[in-house]
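Across the two complexes that follow, chain A remains constant while its partner is chain B and subsequently chain C.
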Partner chain A sequence: MKFKTFFWFVAPSVFMMLLFIAAPLISVFIQSFQITQPVMQQIEVETCTPGFLTQTCTTEIKTVPVIDEETGRTQTTTAWVGVQSYQNVLQMDKFWAAIGSGNWGDILQIDFWKALRFTLMFTLVTLPLVIGVGLMIALAVNNATKALRGPVIFISLLPFIITPVIGSLSIYWLFVGDGILTATLERWLDRDIAMFAQAWTIELLMYFYRVWHVAPFAFVIFYAGLQTVNMDTLESAIIDGANRFERLRYVIIPHLMPLIIFIALIHLMDCYRVFDEIIGFRSQAHVISLQWLTFDFLTPDDAGNRAISRAAASAMLTMVGIVILLILPLRRTWRDHKGGAH
Partner chain B sequence: MYLKKLALAGAVSLLGTTAFAACSYENEVPLKSLTAGFEAWKAVTDAMAECGNFQAELDQEFRTKQPAAFEANPSLYHIGGVSNGTVTPLLNAGTIRPLDDLVAKYGQNLSPNQLIRVDGKIMAVAMMVNTQHLMYRSDILADLGIDTPTTWDEVFAAADKIKEAGVVDHAIGATMKSGWNLAQEFVNMYPGFGGAFFNDDNTAAVNSDAGMKALAAMKKTLDYTDPEVLVSDSTYVQQQFQQGKIAMANLWASRAGAMNDENESQVVGKVTMAAAPMAMDGGAPATTLWWDGIVIAANITDEEADAAFRLAMEGLDADMVIANNEAAIWLVNGYQPGPLAEGAIATATANPAPPAYPSTTQMGLLHTALGNELPAFLTGDRDAAATLAAVEEAYTTSAKEAGVLQ
Partner chain C sequence: MSKATAQPLSLKVASGAFLAFWCLIAAFPIAWIAVMSVKSPRDAFDASAWNVITGPATRAAGNGLSLLDILLGLIVLYFAIRWAFTRLPGMVEQYSPPGFIVLGWLVGAAVYGLLFVLIFFGALPLVFGMLNSIAGPLGTPILGLTTEHYVAVWGENQFYRNFINSMIVTAGVVTVSLTVGTLAGYGLARSGSNLAFWLLIIALVFRALPHSVLVAGYLPWFINSAEILRPILGDLSPTLYGQPWAIIAVLVAINQPFTIWMLRSFFQNIPSELDEAARVDGCSHFQAFRRVIMPVMWPGVITTGLFSFLLGYNDFLVTALLLDAQNQTMVPAIAGYFNRETTTTDQVEAVAAAVSITAPLFLLVMVFQRQIVSGLTAGAVKG
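Right after this comes the complex of A and B.
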């Protein structure tokens, strides 16, 4: 393709990426090193609030922002603070103190490390499960009789169509308190079950939900890949006396390897940003994720305060985490790519 | 809810002017409001919609939208529903207007008690008071021969008997969903033990004796609640009551009406309201007082503000209150306090009275710090002293960022 044609093909998409991805990224990167705060003043204010019958008026010294006479907005100052917001998120002093004293458990009392522990574990536990379950469904469908394939594909794809937050809410409603599944289990096992009362049951439900939700995606990709397996190679393997497992191990999986890497890449990126499950399961008391931490910093409290700088720092740290996770699979893809070129 | 309201407003406007019988005039200026979504707001916005040209947005997450929406110029909404907690950012940013002129023009029916004054200027008009107070199943307590508990110790003693009798799944229900709700439980309990939230220099003061006692009381509650209490918010506790699963709870007065809603509740007429229990003898009831009311945006034209306030007064008139007497503890003329209001009134008029929820920037920051740090204590991951230290530390970090602390 001529360079000019190529350029005009990709220009709109490059422009959009610069506008909607690169520009916000740079802005967040800058904000993570700045703190913008209102100029505060202390004034004496008399506030009258209703009781049931009569008012109570109190006069107290209040700290309130200064409002600019001209613009009518609050005056703010922006200062460069270096890595202070990162320090506020990471709390390295407490981290090293915990390691120094040998109380490793204390590290998990710090929000960031608590979130990182769960996010990493969530990503790494679900990855092999998604690939394994996806591959199993694909193999099963591929071996099913033609008449059954259509309906089976349709049904296995259903979980993937559901909006993640709706899916996680449904699981929550099924299992919370006297949700129908908990109630059924309780009747069957004759004991009280509280799935949302401790961290490990919540985490288990989260793993289950994510695998259930994403496995169809892996399945579709693998199923397409299975259609391209070289039949001659398979037949010669059969003639050579390879059993079903050996055929899978030495013929099919090597053939599907690029797809496995592809799914691993997508899954790592998606899972590291785990968020819907935390909101849907209301698990903040027990389990939090990095993306939720950023969200929590950004959510204004009743007085309208938001920790924008810490949110920016936490978002940058999340991005760094994804990049580190992706290095391994990307290097492999790169090697394969280069190998293929020669 | 919003769609329904919109459809209703549309249907009403189609019917022509004769449909506005319930409203004394026809509103010509298009107006919008953003309020919380509980029963009382539904009643008020429905009454306003009768005048036409009005769109109500009822949203329980209004607190996250309101400051930015009112800061826009022109403001995205004309009328805002606030409480003493959520009015703070609007007051701080100057995005709501003083109402003295408008009150003089349209506020003949308002009582002086309703006018929220800040430095002498009327900044909001309150319509109802709200507080968390004791709701209990009077039938169960009567059966077991328990008097109405007035202190938390008595609540726990009653809970022991109820647990032993095994008449309900869990003796106590609590709004302890981690985050805002859980923090509010501490904000109720802590002043009940005589604690002050801040020192004079804006540093947090919760790491104190009263703080330790408040945490101990909260932990003790867990012995009697649903094990999943850290995910239960007001609506969940309300449903537990309605389905007969709990016997007592320190729950919002605005939820009292739902106990007698025959479409939802299996315990109609069996839930009684009493003052919030005291944390210590001779102290104030362990709760905070709230008001809910309306504000008018600053960044709108004077004509719009005039129309918006007039419409709000129409929504807050005696007709609305008489039609929705049980929906809230109204401050509006025409309200007849019924049995459902007894608990809230007993709480508000107690001596010493519980404090009003402080509407300050610092309180917002501390509330968030409490909401994030308390769960670790209640799940047993961290002891009380370390938790209070962590709360103060989290507050200090965010207060420095917000410019409240140097």
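Right after this comes the complex of A and C.
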């Protein structure tokens, strides 16, 4: 295909990606070093209250935003502040103070570090669970009679396809104060249970939700992979006296290895963006994630202001994490591409 | 199957039990909120599971189904579904003008859905009311069931507005991202150049980006877009913040990396001899694409369209931050219930709204299960 033809085929797509992905990235990068604030001015205000004989008048100096006379909006200025926004997000002074005093736990009181801790732990805990559960379902379905497979796949797809916020809400409602599973647990254990009053129970539910949501995806891919296992290899393994577990360990899992890597890669990308669970479980008071932190900065506060520059700083820090996460797999792909070219 | 690979009974039982357990876990939360949504608040949050299912308080309030109702309802449901799978496709093909089969299906599905709702919620309750009064013991209600929460959500709370917004956004996302994506996917599949490889790698990196990073980039520009664009467009310049079509553009761009990867793998499966033959016969690349590739690409396009639909439909973050309250789509709108979710009635209404959001997805899996499975495996199995 000639370059010119290729260019016209991909141009619309590349244009959209440049305009709506690459350009915002640059804009975020610049914003993270700037801060935009309303221009404030100090004016003298005289307020008078009616009093006996004479009015009581007081004058005080108030700080009010300057209003643009033409548009009627507050005027704003934008100033370069260097890494101040990053400082505000990272709060390194508190971080070092916590390390200096030996109270490592205090680090997790700072929003950013709290979010980072949860995001990383969430990714690392759910990854093996998703692969394990997905593989088990795939093996079990492969074992089942043909007539059962269709309905089982249908039911398995439901948790995968459901809107993430709704999926986590549906589990939230099972465990909320008077939800059915909390009530059942309380009757069994004969004690009061509040699943949403402390961080660790919420985290457990979030891990459960994510495995429930993603395991079907792993299952479908593994199931497709199982259909292509080489029967000859499997039979020679049987002749060589390999038992069931050894066949799984030395024939089937190596055959599925590329798929395991693929799922792990997708799962890393998606878990690092964990966000919908925080909304669904309403856990912002206890557990937050990196993406939620940026979302929170971008949501207008009570006064209607958005902390754009802090959001930009936290977004850039999130970006750094994803780049570190992706370096290894990308280097591998590059080497494969080079190898394939020869 | 040889004797050596035959499995001992214990293994078979264990594998079957595990599968049953998984199905229970997979379906339970979704099935349970569906049950909760049709009960009165007292029943929905009852401590006993049996009470939640049978709904004594709902029944006591005069909303219940008798044995006769359940039987008749199931029979009507069975025939309705059977009809949808046997007669409906023929009717759609007969009445839709040639070349507009997709449009025909859309109209057919909408008419069918409307008829279904009218029969089930309009006609059947009237018939049941008359039958129950003369049926004696068979006609006494045994199962509490009420649609009041759905009526409240869709009627009083005007959830249909959010539904329409959701439909506009998803329809836009699917159409635009498929149009743009098929061209790019075809170009990438047929070009082995280094540039194509780099485009794909960059797309992979873009796919990994957290969406909040991008929204942080859009927000200041979207809010101030009217002033920024004024020198170019004059007084017509729009404020992008809160505009559904701006959201469509954003979601299409976010979706592009995934779309082009997926479509590329589908196009690679179409033998390149096909378009080479067309080129030998004197077609240009675009003509070859339009006359030879387009007729055979629909399975891949439908699958990719399904995943684009899911992205647009399920999105919370982008729509919550970039749309204002008037144009809100369904998923962020449900967050509005959190703030006023003070009484149990509000909670059950939120449950009913959640079930309303899930129902179209349920239908989607029912109709397109095969395509979804093939889409999931397309990228992975071929590496």
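Quick notes on this one:
One rule holds in what follows: the second predicted complex is superposed on the first by the 295 of 342 C-alpha atoms of A that agree within 3 Å, B and C clash if a C-alpha of one lies under 4 Å from a C-alpha of the other, contacts with A are read in each partner's own complex, and residues count from 1 in each chain.
Just so it is clear, a contact is a pair of C-beta atoms (placed from the backbone, for glycine too) under 8 Å apart; a residue touches a chain by one contact, two chains touch by 3 or more.
What you see is a predicted model, and the numbers here were worked out from it, not measured in a lab.
Legend: residue contacts after superposition of the two complexes on their common chain; A:161 is shown touching chain C, with no touch to chain B.
In the superposition on chain A, A:111 contacts chain B only, with no contact to chain C.
In the superposition on chain A, contact is made by A:282 with both chain B and chain C.
In the superposed model, A:299 makes contact with both chain B and chain C. By the document's definition of touching, of the two partners only chain C reaches A:312; chain B does not.
Of the two partner chains placed around the shared chain by superposition, chain B is the only one that A:40 touches, whereas chain C remains out of contact.
In the superposed model, A:54 makes contact with chain B only, not with chain C.
Looking at the superposition, the partner that touches the larger set of chain A residues, chain B or chain C, turns out to be C. In the superposition on chain A, no contact is made by A:243 with either chain B or chain C. Common to the chain B and chain C interfaces on chain A are residues 178, 282, 299. Contacts from chain A toward chain C in the complex involve residues 1, 3, 5-6, 8-10, 12-14, 16-17, 19-21, 23-28, 31, 36, 136-137, 139-141, 143-144, 148, 150, 152-159, 161-167, 169-171, 173-174, 178-180, 183-184, 187, 212, 216-217, 220-221, 224-225, 228, 234-235, 238, 244, 258-259, 262-263, 269, 272-273, 275-276, 279, 282, 290-291, 294-295, 297-299, 306, 308, 311-312, 315-316, 318-319, 322-323, 325-326, 330, 333-334, 337.
Contacts from chain C toward chain A in the complex involve residues 2, 4-5, 7, 11-12, 15-16, 18-19, 22-23, 25-27, 29-30, 32-33, 36, 45, 47-49, 52, 179-181, 183-184, 186-188, 190-191, 193, 195-197, 199, 201-221, 249-250, 252-254, 256-257, 260, 285-286, 310, 313-314, 316-317, 320-321, 331, 334-335, 338, 347, 350-351, 354, 357-358, 361-362, 364-366, 369, 372-373, 376-377, 379-381, 383.
Contact residues of chain B toward chain A in the complex are 63-64, 67, 71, 84-86, 88-89, 91-94, 112-120, 126, 129, 177-180, 182, 200, 202, 226-228, 230-231, 236, 245, 289, 291, 298, 329, 331, 344-345, 348-349, 353, 356, 359-365, 367-368, 372, 375-376, 378-379, 381-382, 386, 390, 397-398, 401-404. Residue ranges on chain A touching chain B, taken from their complex, read 35, 37-40, 45-57, 61-65, 67, 72-74, 77, 88, 108-109, 111, 176-178, 194-199, 281-286, 296, 299-305, 307, 309-310.
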